[in-house]
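Same chain, two partners: chain A is paired with chain B first, then with chain C.
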Partner chain A sequence: MSFGHRVERGYAVVALRGDVDLARSPDARALILQCLEQKSDLLVDLSEVDYIDSSGVASLVEGYQMAKKEGLKFGLIGVSEAALSVLKLARLDQVFPIHADLDARLLDDG
Partner chain B sequence: MSSVSDRMLTSDPVVEVENLVAHYGSHKVLDGVNLTVNAGEIHIIMGGSGSGKSTLLRHLLGLRRVTSGRIRLLGHELDGVHRSELQELRKQIGVSFQGGALLSSMTVGENVTLPLREHTRLDESTMAIMARMKLEVVNLGGFEHFMPAQLSGGMIKRAALARAIVMDPKLLFFDEPSAGLDPVVSAELDELILRLREAMHMSIVVVTHELESAFRIADRMTVLDCGKILISDTADKVRNSANSRVQDLLNRRPRVEELDADAYLARLTGE
Partner chain C sequence: MSTKRPDLRLIGKDSDHDAVEQLALLAELIQEFASSLNLDETLQTAIERFMAYMDAEAASIFLLENKDRELVCYKCVGPVDIAGLRLNVAEGIVGKCVREQACQMVRDVRRSRDFSGTIDHSSGFSTRSLLCAPLSVRGECIGVLELVNKRSGDGLFDPQDQTLVRVLASAAALAIHNARMADSLVEHERLRREFELAREIQRKLLPVPHETRFPVAGVNFPAYEVSGDFYDFFRLPDGRIYFNLADVSGKGMNAALLMAQTSSLLRCLARDYTDPGKLLARVNQALCETASRGMFVTIVSGYIEPQGRLICFSNAGHQPPLQRHCDGGFAEIPAGAPPLGVDPETEFPMSELSLMDGSLYLFTDGVTESLTAEHKPLDVSGLIELIESGTALESSEQLENIVAEIRRPGTRQRDDITMMLISSRCHQLSKKLFQQRFSAQPECLQDVRAKVNAAAIQAGCSAKVAAQIVLAVDEACTNIMQHADQGDYAGEILLEMHNNDEELICVLKDWAAPLDPSQIQPRALDELRPGGLGTHFINELMDNWIFDEAPQGCGNCLTLRKHIA
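Let's look at the complex of A and B:
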């Protein structure tokens, strides 16, 4: 699997990096869904993403939907400029909870 | 223009055409066409009916073999390209045809998903979300279960665009996006083309005869007339071109040709 994750202050944090495209988004999807299946609240760190295509964004959408069904927290952190422009195209910047980093998310969680 | 576009405009060409000659029978329709489209550029191919712009597009799509000359797309020579290489190339190229070319027996959603089924092995749910996202992008959210026959002309064009971009192509060909559309829908499509370039870093080639739309979105333009390129330059330089034929086209002035009496007589008598 080409992406890693860590557990930090109650969240599983999946760090995507480089190009998240047709070739690599199935790995991203599998990791996101695997973390959620383990009932972990989940943040996806996009700070090191150079490019994310629709298949990568679709994996995030699917993860968010699954988290909602399972009553788990979900969000994006460190959304790079490249990733943000793709999210904005489909107005998904208004759908996902987006925070600068884990600290900002925890502050919002209260 | 944003810094993102500026950066992309300096990249390598995505389309290179060298000295392209094409015939329909004995009639020469393209006569030594040279064309370069740079990465991240919105390039308009413009010209009146019979100018050769549709023929040029068909060659760029590999739908017709060249009489002579070279075409390179995304660095790949089209002539003699290996089948597997062509398949890979097609994954990176989207085409939105003038009439939409949606399959009438499939729903809009199935039409949009088609390239994903053909070219990827993505999970079914991923493909469905990707198709719905692209329908949202073209303002057709919620129309996935409609049949093409239930859509208006503008909606069919947008659905065709959704299908053309579902694979996030590096290079998008868009044939006559404004034809037959009212001015508001046409302006919306132009806006969408600009957003696609910005967000997805697409290089976009638009074939059109609609001047207003062309100047709204063009970085550079190529103007064809009678199979030859009159000018290929930035939109501003085309607008201010001293070439009288270019100005005739921009100002919708009819062509005034000197009559060759002998040739005319020969045409009429079939000799």
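Let's look at the complex of A and C:
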């Protein structure tokens, strides 16, 4: 699997990196869903994403919807400029909770 | 002047005074004939003076008509007006003068078997003596000068009169001949002006040049005053563009008239049809009803749909148009039916092709049959070479360059030269940045993105715009990989990028089952679901995209455009 994940302060953090396209988004999707299946609150770290397309974004949407259904927390952190511009294009910047990093998220969580 | 010299010894036989007087009259008449603008008047005055000088009672000039079978009295003086009188060349003394091409003098008509006396009977005039001289030019007789009855002496003509009348007849014949030559020059000039007018009308039947981005351009160079070739193109009210290029059999005025008729019919009827074959069938019926026997029209005629992507056309006996594919290959598209004007029952099948696949060159045989510098016919192969040398140019410039080579200085144009180029804007104006075929596998995408990015930067895009183009192309490829052949597409994708001063164009082709373009719609963004974003991205990132079913019923073609100016 080309992406890694860690558990930190109550969140499973999936770190996507490089190009998240049709070739690699199935891996991202599998990892995101796997974490959620384990009933983890989930943050996806996009700080090292150079490129993401609609298939990568679709993995995020699927994760968001599953988390909501399961009553789990979901969010994005450290969204790179490349990723942010694509999220904006899909107007998803208004849907996903986005924070600079885990600290910012935890602060917001209260 | 080629008249015979008068026999001055004979003229001067009576006295020197007479000779001087005769010469003076001759000089004066010849001068008048030479400078005359009105032959009618001059000849009338001349025979009045002949009559007075010869002391005759009547004089007339007869001219040959009706294939030299009849003599018609053109001018006359005397007590009886016989102007317009027709005489059979086979009869009478005037006729004999023509038949023998020699002077006829009948001193006393009562002793002549040739004298018919018809006019005397009807007019009451009494002919006693006749003197006729042929009006001859370069050995060819064109009429007769006739003098009737001498007033003085015994009232009969004598040999001296005969010599004088021969000289007068020579001068008159030359004057008539000159006048006829002048008339034919005037006629020639009138015809020349009419041809010029016809050419002007023809020129006006050709379309005016459109803006450079119009998908059709054409050129026409007639070999003679008027052309048997024509071409036309114009936008119809529903947004389609109608075009044709044709060659009428034969040359000159009859071909030009058939050209005008055919072109006008097409111009009137084009808007009423969607199938170019049915349009040609209708025009063919009209031409078969009216066209002269043996005349026909070869034509390629068709429509370009409003988005300028697909064209449909019919070819009636015309030279196969050349399609230049995006990959630089050429294909001839042969005629599917005989020419117009041959059989009213002819049906004209339709061909379709996508302009996304390349451009279409239409031309007449004046192009392919023109001679190269080696005096060999240019042929289709030579034309292809000429086309290849100028594909980077704008359409009308391309055509002008090709025609300039065919009509290079020192060559004689033997036939009308007409060419048309139909191309989508991307192929018309842009230059190719790169082209790549790759298998429809997600693993190929990273490499494709790198190439698209490099090409976009090379075309002058900012890093931001280049990233947008990369995403749009990636999304388009992803769509093919995920959805073509219900997700089972294992073929290849052909990607081409072009650019011009204003925009960057990406063309993506696959060989999967054709998709219904109406199915390709971006989803509403408030509907939150994982799929369907790709089309939305393409919509947002590019200025324009066109989805096209490939013409051979296999494959799809997507063209993306982005303004970069």
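Everything that follows uses one rule, which is that the second predicted complex is superposed on the first by the 110 of 110 C-alpha atoms of A that agree within 3 Å, B and C clash if a C-alpha of one lies under 4 Å from a C-alpha of the other, contacts with A are read in each partner's own complex, and residues count from 1 in each chain.
In this text, a contact is a pair of C-beta atoms (placed from the backbone, for glycine too) under 8 Å apart; a residue touches a chain by one contact, two chains touch by 3 or more.
Model, not experiment: these values are computed from the prediction.
> When the two structures are laid over each other on chain A, do chain B and chain C clash or fit?
Pair status: clash.
> A:Lys69 contacts which: chain B (first), chain C (second), both, neither?
After superposition on chain A, A:Lys69 lies in contact with neither partner.
> Which partner does A:Val95 reach: the first (chain B), the second (chain C), both, or neither?
The answer is second: A:Val95 touches chain C but not chain B.
> Determine, under the contact definition given at the top, whether A:Asp19 touches first (chain B), second (chain C), both, or neither.
A:Asp19 contacts chain C only, not chain B.
> Counting clashing C-alpha atoms after the superposition, which of 77-85, 149-157, 167-175 or 419-427 on chain C is the one that bumps into chain B?
Stretch flagged for C-alpha clashes with chain B: 419-427.
> Quick check on the output: what are the common chain A residues between the chain B footprint and the chain C footprint?
In chain A, residues 21-22, 53-55, 57-59, 61-62, 85-86, 89-91 are touched by chain B and also by chain C.
> Which chain A residues qualify as touching chain B in the complex?
Residue positions touching the partner: 21-22, 25-26, 29, 53-55, 57-59, 61-62, 85-86, 88-92.
> For the complex, give me every residue of chain A touching chain C.
It comes out as residues 19, 21-23, 51, 53-55, 57-59, 61-62, 64-65, 82, 85-86, 89-91, 95.
> Over in the complex, which chain C residues touch chain A? Could you list them?
442-443, 445-446, 449, 467, 470-471, 474-475, 477-478, 481-482, 525, 528-531, 533-534, 536-537, 540-541
> Which stretch or stretches of chain B touch chain A in the complex?
The contact residues of chain B facing chain A are 4, 91, 120, 122-123, 125-127, 129-130, 133-134, 136-137, 166-168, 195-196, 198-200.
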